[in-house]
Amino acid sequence: DLSKIEDSKPYLDSPSKTWINVCGLHDIEKLKEIWQYFELHPLIQEDILNTNQRSKIEEYPDHMFFVLRMMSFSEDTGVLNVEQVSIVLSSNSVLSFQEDDFPIYEPVLHRLRSGAPRLRNHGPDYLAYALIDTIVDHYFKVLEKLGDEIEDLENEILQESDEDIPQKIHALRRKLIFFRRSVWPMRDSLNSLLREESPLIDEENKVFFRDVYDHLVQIIDGVENYRDMALGMLDMHMSQVSNKMNEVMKVLTIIATIFIPLTFIAGIYGMNFEYMPELSVPWAYPAVWGIMIVAAVVMLFYFRKKKWL
Amino acid sequence: DLSKIEDSKPYLDSPSKTWINVCGLHDIEKLKEIWQYFELHPLIQEDILNTNQRSKIEEYPDHMFFVLRMMSFSEDTGVLNVEQVSIVLSSNSVLSFQEDDFPIYEPVLHRLRSGAPRLRNHGPDYLAYALIDTIVDHYFKVLEKLGDEIEDLENEILQESDEDIPQKIHALRRKLIFFRRSVWPMRDSLNSLLREESPLIDEENKVFFRDVYDHLVQIIDGVENYRDMALGMLDMHMSQVSNKMNEVMKVLTIIATIFIPLTFIAGIYGMNFEYMPELSVPWAYPAVWGIMIVAAVVMLFYFRKKKWL
Amino acid sequence: DLSKIEDSKPYLDSPSKTWINVCGLHDIEKLKEIWQYFELHPLIQEDILNTNQRSKIEEYPDHMFFVLRMMSFSEDTGVLNVEQVSIVLSSNSVLSFQEDDFPIYEPVLHRLRSGAPRLRNHGPDYLAYALIDTIVDHYFKVLEKLGDEIEDLENEILQESDEDIPQKIHALRRKLIFFRRSVWPMRDSLNSLLREESPLIDEENKVFFRDVYDHLVQIIDGVENYRDMALGMLDMHMSQVSNKMNEVMKVLTIIATIFIPLTFIAGIYGMNFEYMPELSVPWAYPAVWGIMIVAAVVMLFYFRKKKWL
Amino acid sequence: DLSKIEDSKPYLDSPSKTWINVCGLHDIEKLKEIWQYFELHPLIQEDILNTNQRSKIEEYPDHMFFVLRMMSFSEDTGVLNVEQVSIVLSSNSVLSFQEDDFPIYEPVLHRLRSGAPRLRNHGPDYLAYALIDTIVDHYFKVLEKLGDEIEDLENEILQESDEDIPQKIHALRRKLIFFRRSVWPMRDSLNSLLREESPLIDEENKVFFRDVYDHLVQIIDGVENYRDMALGMLDMHMSQVSNKMNEVMKVLTIIATIFIPLTFIAGIYGMNFEYMPELSVPWAYPAVWGIMIVAAVVMLFYFRKKKWL
Amino acid sequence: DLSKIEDSKPYLDSPSKTWINVCGLHDIEKLKEIWQYFELHPLIQEDILNTNQRSKIEEYPDHMFFVLRMMSFSEDTGVLNVEQVSIVLSSNSVLSFQEDDFPIYEPVLHRLRSGAPRLRNHGPDYLAYALIDTIVDHYFKVLEKLGDEIEDLENEILQESDEDIPQKIHALRRKLIFFRRSVWPMRDSLNSLLREESPLIDEENKVFFRDVYDHLVQIIDGVENYRDMALGMLDMHMSQVSNKMNEVMKVLTIIATIFIPLTFIAGIYGMNFEYMPELSVPWAYPAVWGIMIVAAVVMLFYFRKKKWL
C-alpha cells in the first residue's frame, strides 16, 4: 500500500490508507489529475504550486493541508537548501508533494519496508505525523551544522585570525534568520492544531503531534540561542579590533614620545649659530647623551606607571 | 455590471452586485451624491477624505469599511509611493475610492472582462476580496524591490565602496519602517475580521480572506527579516570602517616606529660639538649604517610577530 | 446650557445636559463645592488635584472619570508643555478640570456657539467624546512638530554640521519617550472602555470613541516610528564621526609615511662624520633627490592601490 | 486596637480588627507563638522568614498573604536599601512583619492616632490597603531620587566632565534593574487580585487596591523611562568620547601635516654634500622660507576646506 | 519504603507509595524491565533515554511525566554541568531517572531517613514535589555562583585589568543563555500544570507546586537581571577601551604637537646656506631658545584650555 511513483492509483479504491508522494511540480497535467481525483480545494492547489509559502496547517472540509519547508545543508558548499513540501491528509490517504526528488522520507520508507507495526496499524494521521517528524528531524541536522559553524567561528575569533570575521558573522546571522523564519510559523500552526479538534486527527495520536511540537520548540530555542551567540561574537570581535588598535596606538605613542624630544635635542646642537657656547665645552657631548638617556628612562617609567608597557 | 466612471448609477437599481470605483477625491459634490445614495455613515465619509489613515476594517450596521494603503515603487526614482484606498462593502455592492487614477485593479478588471467565473458567481464579498488581494499583490512587488535594494547594498558593502553607506542603510531602514507601518495594522484588522461573524461576509468565502491574511503575515515576516538584515549590514559596515582605520594606523605606526629612531641617530651625528670622538673614526659611518639596518630589521621582526605585517 | 465660569450652577437643575469647565485648581473651596454638588468619589477628588497622573479611565457607580494629559508645543521655546485634564461624565453632565486657562476646548466651544447639531442633539457622552477628541487633535499637532524636528535634525546630520548632534538626538528621544508615555496609557484605557458596557456611554456613540482610539493608535505608531528613526540617526551620526576620523587618519598617515623616510635620508647626509665618501661625489646631491622622489612616488602608488587617495 | 509591640495579644479576643506589626525576625520563638495563634500555613511561615522573596500575593483558605519589598534611599550614602515586608490579612486582623524597626508605617500610625475615620470604620482589608499604599508611597520617593541622580548625571555629561561616567551610568542602571525587579512582580499579583473575587477583600474597597495598582503602573512606567534615558546617556557619552578623540586627532594631524614636510625641507639643506649649488645662492635662504610659508598656507587652506579648522 | 538501588521491587506490591531512583541510563535491559512493570508510554521511554530534552511536564493517561535539567557547578573547573532528570509520577509511585549517580536527592533522602512527617504522610505527588524542589534548590546555588562570577568580572573591569575581558563576558553570557534556556521551559510547563486539574496531583498539594513555580520565576528574574548586567559590563569595558585610547592619543598629540614645530625651528638653523644672517648674530642662539620656550608654553596653555592636561 505504498509507492513512490504516481501510477499506483489502483490502490486508492481499496479502503486501506494510501500514501502517494509526488516528486517534482512541473508536470501540471498529472498533478491536476491527482487533484481532481482527491477533490482538493482550489486554494490547496495554488498553494502546492506556489513554492514560496510560509509553513502552515489549514483545515478544509475534507482535508487537512500541511505546508512545510524541508531544509538541508548541501555537504559540499555549505549552502542551506530549502524546498517546499506539501502534505494533504484525508480520512483514508496521505498525499505528499515535493519540488525535486531528494529522498526526504527515506526513514519512513525504511520503516514501512521493514514492517514497522506502529506505522502499519495506525491511521493516515499517524503516517502524516511520521512524514512531518522526518522533516523536523532534518531540522535538527541543520541546527547541528549551524552549531558547528558557530563553534568554528568562535575559535577563529579567539585565535584572532581576522579574515572577514564580520562577513562570516553576517552570513551566519542571515542563515539563522532564514532558518528561524522557516521553522517559526510551523510551531504556531502545530500549536493551534493541538488545541483544536479535528475529525482527521485521532485524539490518541495527538500525543505524537505534541511530540513534534516539542521538537520544534526545542529547535526554535536553539536558533534563538545561536542568534544571541552570533551577536555576542560580533561584540567580541569588535572589542578585539578596538583592543588591537589600542595596542598599535600604544606602540606608536611610546616610540614617538621617546624619540621626538630626543631628536629635538639633537636638532638643537645641529644648528649652525656662530655663538653657541655649549659646542666648545669638552664634556657637552656626553652630557647631552646623559640628558637624553635620563629623558628616555623617565618616559619609560611614566609608561610603565600608565600600564602601557 | 462594472464600470470605472461614476455615471453608471442605473446599474444600482438592479439587484445584482455592483462595483463602483471612484478615482480622485477632489470632486466633493459627486462623492457626497454617492455617499447619500449608499447611506454611508458620517465617520466613513470622513475617513475616505482624510487620506492619512492607518489601514483598518470597521463594521457599521449596513456596511463593512476597509481602509487600505496601496503601495508602489515608481520605476524612475525608486521612491516608495503610497495612496489611500477605501473599500465599502454592502450587501449588494462594492464601492472603492482611490486618490488618483493609478490602475490598481487592472488584474481584477481583466479577469472580469475575460469572464472569470468565480468573480462573477460569488457575492460582493468575493469581489471585495479580489480587490484587496490585488493590493496585497502589489505589496509583494514592493517587497521584492526592497529585497533587490538590500542585495545591492550588501554587494556595495562587500566591495567596500564606502560611498555614503550609512545614509543608504538609513534610507532603506526608513522605507522598511514605513512599509511595515502601512502593512502591519491591516494584518490585525484582518485577523479580527476572520474571528468575528459578519452578515456581509459569507462563511464560505472567509477561506479567501484567510489567504490574504496569510500573505500579509508572509510580507510582514519578510519586512522583519529585512530590518534584521539592514541592522546587520550597518554592523558589518561599522566593523569594516574600524578595520580600515586599524590598517591605516598600522601602516603609520610601522613607518613611524622604524624611521623615527633612525632619524634620531642621524640627528645625533649631525650635532656640531667640537669634541665628538666618533666623528673622526674612519669606520664610524658604516658602523652607524649597520646599527640602523639592525634596528630596522629588529623592528620588522617585532611587527611580524605582532602580525602587523 | 454651556458656560466657562463656574457660577453657572442654576443650569444644573434643568434636566438638560450641562458642561462645566473649571480652569485652575488652586481655589479648593469652590472645587469642593462643585464636588459635593456632584457627589464625586473621594478618589476622583484626589486624582483631580494630584496633577501628575497617568491617563486613565475609571468607572465609578455614578460617574465615568477620565484623566487625560493635554500636550502642546510652546511656539517660542520649542518646549513640550503638558497639563493634566480631568473629565467627569455623569448621566446628565460633563465636568472638566484643567490646571490653567489654556483654551483647549476652543474648537468645541466654537461648534457649540455655531449650533452644531450633533453636539447639541447627542447626550453628554458625545460631548465628552468631543472634548477628548479635541485633546487628541492637539496630540497630532505635537506629533507633526516632532516630525519637523526629526526632519531638521536629519538634514543637519546629512550636511555634517556636527554641532552637538548627540545632545540634540538625546533631547529628541527624551521628548519622544515623554510623549509616548503620556499617550500610551490612554490607548489601553480607551480599549477597555470600548470592550466593556457602561450605562453612561450609549452603544451608538461608541463608534466615536472607537474613532478616538484609532487616532491614538495612529499617534503611538508615529511615535514608535520616530523613535526608530532617532536611533537610526544616532547610528548614522556615529558612523559619520568614524568616517571623518578615518579620513583624518589617512591624511596624517599619507603625509607622515611619505616625509618621515625622506627626512631620515636628509638626516643621514646631515651627519658630520669625517669619512663619508658620498659627500664629496659631485652627483650625490641630485642622486639623493632622485632617490627621494622615487620613494615618494612609490608610496603614492601604494596609497592609491589601498584606495586611500 | 493598635500596638507596635507583640505583647498586645489580649486585643485579639475582641471582635474588632487588630493590627500587629512585628519588627525583626530573629526571635523565632515569639514568631512561632503568633503564627500558631493565627494558624498560619507552613508556607506562609517559611516565606516570612526567607527574606529574599519576590513580591507576591497569595490566597490561602483563611488568609491573604502579601510579600512586599520596602525600599528606601539611605540619606548619607545614596545606597538603595531594601527590606522584605510581609502582611497577612485575615477576616478580622492584619499581621505585618518586617526585618528591622524602620518606621515604615509612620503615616498610617499617625492617621490612626489622629482618628482618621476611614481607617477606623473600614475593615481590615482597608487597613491592609493603607499599609501597602504607604510602602508604594516610599517607592515614589525612591523614584524621585533616581530621577535626581539621572538629572545630575546628564548635567555631568553635558559639562563633559568625564570622571567615570560609564561606571556611574552602570551603577545607575543596576539600581534601576534592581528597583524594577522589586516592583514589577507586585504589579502582576495586584492585577490578579483585582480580577479575582476574595471573601477577605470587600468589593467596595477594591477601588483602593486599583488605586495602588495605578500607582505601581506609574512607577514602572517611570523606571522604564529612566532605563531608556540611561541608555541614551551612554550613547551620548560614547559619542562625546568619539568626538573628543576626533578633535585630538585633528590637532595632531594639522600640526604634523604642516611641520613634517617643512622639517624635511630644512633637513635637505642641512645635508653636508660638497656640491650643493643652492647653498651658495644669496637669496636661497629667504627663498626656502618663502616656499615653506607657501606650503604651510596651502595646507591651512586645505584644512579649512575640510572643515578641520 | 525507599531505596536507591533498583533491586527493591518487592516493595512495589505493597499499596504504599514507592520511590525508585535509577542512576545511569546504560543498562537498557533493567530499564525496560522497570518500564514494563510500570507500563510507561513509549514516548516516555524515548524521552527518558534521549538526554537532550527541554524541561517539560506531560500528562499521560496513568502517569505524569516530568523532564527536568539538573544543573551544578563543578567546584574545580567552574564549568556548568547539566544532566537530564526524569520523574514519572503515578498514583502510588514515583520513578526518577538520572544519567549518573550524582547525589541530587540527598536532602530528600536525609529528611526521609530522619522521618520527616510531611514527606511520609503526603501522597506520591508531595514526594515528586520534594524531588523537583531539590533540583530547583540546586538552581539557586548555580545562580549564586553566576552572581559571584559577575561580581568578580565587574571588579576586574573596575580595576581595568584588561585580560580578555570580552572573552570572559562572552563566556558568562553563554552560561547565562544556557542556564536560562534550561530553566525557562520548566516555568511554562509548571504554570500550565497549576492551571489544569489532574487526578495525580492533589488540589491541596498544588500550593507546594505553586511555591516551586515562584522559585523558578525568581530564578528566571535573576538570570534576566544578570544578562542585563553582563550587557552593561560590556558597554562599560568598551567605553574604558575608548577612554584609554583617547588618553594614549592625547599623550601622543601633546608630545608631537610641542616638539615637531620646535624640531622644525632647529632644522632651519641647521641648514648650511652660506648667506644666513641670523647665524652670525651673537644673541640669535638664546633668542631661538626663547622662541622655542614661548611656543611650548603657548601650546601647553592651549592644551590646558582644551582640558587635555
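Labels A, B, C, D and E are assigned to the chains in the order they are written; within every chain, residues are numbered from 1.
Everything below uses one rule, namely that contacts are C-beta pairs under 8 Å (C-beta built on N, C-alpha and C of every residue); 3 or more make two chains touch, one makes a residue touch a chain.
Keep in mind it's a predicted model, so treat the numbers as computed, not measured.
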With chain A gone and every other chain left where it is, what groups do the chains form?
one piece
Smallest number of touch links from chain A to reach chain D?
2
If you fit chain B onto chain E using only Cα atoms, how far does it have to rotate, to the nearest 5°?
145
Are the two sides of the chain D and chain E contact the same residues or different ones, given that same means over half of the numbers occur on both copies?
different
Can you check how far apart chain B and chain C are, centre to centre, with Cα atoms defining each centre and the answer in Å?
24
If you average the CA atoms of chain C and of chain E, how many Å lie between those two points?
38
Among all residues of chain A, which ones touch two or more of the remaining chains?
238, 242, 245, 249, 252, 256, 260, 263, 267, 270-272, 276
What topology does the chain touch graph have (line, ring, star, complete, other)?
ring
Cyclic ordering of chains (reference chain B, direction chain C):
B, C, D, E, A
Considering the complex alone, what residue numbers of chain D touch chain E?
41, 43, 53-54, 56, 58, 60, 160, 162, 165-167, 170, 173-174, 177-178, 181, 185, 234, 237-238, 241-242, 244-245, 247-249, 251-252, 255-256, 259-260, 262-263, 266-267, 269-272, 276, 278-285, 288
Of all residues in chain A, which touch chain E in the complex?
158, 207-208, 210-211, 214, 217-218, 221, 225, 228-229, 232-233, 235-236, 238-240, 242-243, 245-246, 249-250, 252-253, 256-257, 260-261, 263-264, 267-268, 270-276, 306-308
